[in-house]
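These notes concern the structure reproduced below.
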Amino acid sequence: MPVPHILVENIVKTFRIAQRRSGLWGAFQGVLRREYRTIKALDRVSFELAQGELVGYIGPNGAGKSTTVKVLSGILVPDSGRCEVDGRVPWRNRIANAANIGVVFGQRTQLWWDLPVIESFDLLRDIYRIGSGEYERARDELAALMDLEPLYDIPVRQLSLGQRMRCDLAAALLHAPSVLFLDEPTIGLDAVSKLAVRDFIKRLNRERGVTVVLTTHDMDDIEALCERVMVIGHGSILSDSTLDDLRARVTRERRLIIDLLDDGQAIEDPDVDFISRSGNRVHLQFDPDRVQTAALISRITAKYAIKDLYVENPPIEEIISRLYDEHELR
Amino acid sequence: MANPLALYTHYVSISLRSQMQYRVSFILGTMGQLLGTAVEFIGILALFDRFGSLSQWSLAEVAFFYGLVNVAFAVTDMLSRGFDHVGDLVRTGEFDRMLLRPRSTVLQLIGQEFTLKRFGRFFQGGGVLLWSTLYLDIAWSPAVVALTAVTVICGACFFLGLFINIGTLSFWTTETLELMNVLTYGGIEASKYPLAIYRTWFRRFFTMVIPMGCVTYFPILAILGRPDPLGTSLAFQYTAPFFGLLYFVLSLFIWRLGLRHYRSTGS
Amino acid sequence: MIQSFVLPYTAVLSARFRMILQYRAAAIAGFVTQIGWGAIRVMAMEAFYRSTNAPQPMNLEDVVTYVWLGQALLGLLPWNPDTEVRTMVRSGTVAYELVRPVNLYAYWFSRSLAFRIAPTLMRSIPLALLALLFFGMQPPASPEALVVWLAATLGAVLLSTALTVILTITLMWTISGEGVALLVSPVIYILAGMVIPLPLFPDWAQFALEILPFRGICDAPFRLYMGHIPITEAWTVLLHQLIWIIVLVAFGAWLLSKATRRLVIQGG
């Protein structure tokens, strides 16, 4: 087996949090005495990523996603455990590690707010010590991929969210990192920008072999990009598998969506459960282990007047939400 | 390939350009700074008008103290606002962004902001300094000129050390700025008068714990050619500024400890 | 009826208090800072008083008390605009303030009131106690002096709040959320008596200092406290404060209406 590009082994990280009391009197008390409680942000987290893998890293807020990313990028030192990124221990070689990774936060830009985009890029060249030849090559390539040149002279504060995200992605990649951490890269973007960002991430991963860790709440991102998904909750990895395996493990059910010719009808069958109905469209659910899909469909088409019919997997949101329910998250 | 100095120059040019986008705010800010230090000097003038002298010190001498301290401090004040903002940067996550970059955090923080409006203090202090030299009889030998330059430079380094301390403390508490104001602005406030007028515990504190006197009072005595009422030797007065430099180096070391704390608690 | 009318203002007052009280470190830090500053000023004044035997308009003992009162009540000075509004101006969300179904001036006044009182309350009492016990600050000259001082302090709070609101309103003419406040605050600082006690200014300056509103924030209440202004003249201080409060509130309300009209026309 090749050496993993990212190795995480039994990482533990605890935080001490000051308790705030409520009310005016509580605030007064807080001035004098403060109580703390300890929380385990990461509780023996382990995983490995091969060079060029693209993995989705999901979990509810506060589950430990960003703590993991902070450990991997060398910002945080864990309490215990082992971790290597491209052969380096991130927190021991912060600077060397930083030169080899790129990080994008969807909520925050790393560009200089009041300056034209190109000036931020130029400054990053100096910060990352990129040679001018390499810099221009990398910049022009990224600009061509995401159509950035028209944005060069616009101050960042005047960019739309989608434009800004494209610039931020480029900014994180100017120094040609071998690992990219993306935190909610599509948050708040319009549909077109989302597609553009996803397309770019996919190409980056396929064509350049950049290892990508993607944390997101947008399950369409996961569906579009990730073969492998890791789910974290309460500081532990709950599931680490391909998307299909995760689906199969959490639920076997399939969706049956029927467009009826006559909206007065109600569909009744012992093997299906009713979910919802809007106008002529009825959403049903069945277990393919109990009844053969083909048999069920022929039975229903024989019995009712049907315009159209499809079988689908339940949406990924639902699978994740079930997984959370199983582990009593939220 | 950018060395730290080239990178710093780049930071400064960027900072200047963003400030120039808010020209009105810049002009008002500079004037505000000028006025803020000017009212302090007006206070000194009014007191000399009432009392004639301050112990054995003349108005021109006090003005020299006042001017030199403000010039040294203004230089640092222009460079080191970033350290004042560490608390905010930590809260907003911007500090994490600095840790994500392959550069020293100190360099990035100094580069964060070049505060042009602090020129207000610089001009005001410089003006008072020049005015005082008209009334003082300073023997400008090469040694005295050199000492003046060294005093300003070491003074600026010393104040930078204090600002680094402010930033370091922000790793532990969220609102520490004010506490350190005792040392920065309080120190400036104190240093505008000769250290000799203060009580013993205070003089000791600002010589031995926080060596503010070493970059203001003692070398200025040598520049003015006045014997020290406290009895220090000329040799000490000439070497004192280097304690300010030492303090700066020590502050960098403590910064590293603070950074280690931050990276293990993430708070 | 009255309760529902006042509720939004008291709610914002209480919320502000809670927010400010959370900053424990700020309270302690401010406390230490104020003591340090006070000590420096007192020592400098001592040195000046050592330099002369000529009689002065105020004796050293009174000056020391004056300095410590100033340190304890420093937070009352209208030295900066409401920081929340500054953030709103910077982010361009200040227009939302206009949507609230309340009198905007009264709303901002309540908020600035808390903004001035809460941090001051935190540090003034312990600081004054320490100064009284250890640093040579004198108790009030008489029980009557205490009473008129308290009345004048209430006037000072309102005066300061009225000025704070005006500073806050001027922010709306800028994009960066800074502005006139930067120029005004050093002026207020010296004219209120925070740099040196006002009686120590040259005699030719005294008339102007008496007329201007700023002495009502520090100087006049302090001198009532120590009996430097006799009780029989206390009414002049209170009247002076009252007139200026009315003038400044009226001016602030007028300025705010101009500012909001401008905001509406420009579309925020």
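Labels for the chains are A, B and C, by order of writing; each one numbers its residues from 1.
One rule holds for everything that comes next: contacts are C-beta pairs under 8 Å (C-beta built on N, C-alpha and C of every residue); 3 or more make two chains touch, one makes a residue touch a chain.
Because the structure is predicted, anything quoted here is derived from the model rather than measured.
S.K.: Which chains share more C-beta contacts than any other pair?
M.R.: B-C
S.K.: Quick check for you: compute each chain's CA centroid and the global CA centroid, then name the chain with the smallest gap between them.
M.R.: That would be chain B.
S.K.: Centre-to-centre on C-alpha atoms, which chain is most distant from subunit B?
M.R.: It is A.
S.K.: So, what's the distance in Å between the C-alpha centres of subunit C and subunit B?
M.R.: 28
S.K.: For subunit A versus subunit B, what separation do you get between their C-alpha means, in angstrom?
M.R.: 46
S.K.: Between subunit A and subunit C, what's the gap in Å when you average each chain's C-alpha atoms?
M.R.: Here subunit A and subunit C have centroids separated by 51 Å.
S.K.: Name the residues of subunit B that each touch 2 or more other chains.
M.R.: none
S.K.: On subunit C, where are the residues touching two or more other chains?
M.R.: Touching at least two other chains: none.
S.K.: Show the residues in subunit A shared as contacts by 2 or more other chains, in ascending order.
M.R.: none
S.K.: What does subunit C use to touch subunit B in their complex?
M.R.: 23, 25-26, 28-30, 32-33, 36-37, 39-41, 43-44, 47-52, 56, 174-176, 178-180, 182-183, 185-187, 189-190, 195-196, 200-202
S.K.: State the interface residues of subunit B toward subunit A in the complex, per the touch definition above.
M.R.: Residues 1-2, 6-7, 10-11, 14, 17-18, 21, 92-94, 96-97, 99-104, 108, 260, 263-267 of subunit B touch subunit A in their complex.
S.K.: Along subunit B, where are the residues that touch subunit C in the complex?
M.R.: By the definition above, subunit B touches subunit C via 22, 24-25, 28-29, 31-32, 35-36, 38-40, 42-43, 46-47, 49-55, 173-182, 186, 189-190, 193, 197-199, 202.
S.K.: Quick check: in the complex, which residue numbers of subunit A touch subunit B?
M.R.: 13, 15-16, 67, 70, 73-77, 91, 94-96, 98-99, 101, 103, 105, 108, 110, 112-115, 119, 122-123, 125-129, 131, 155
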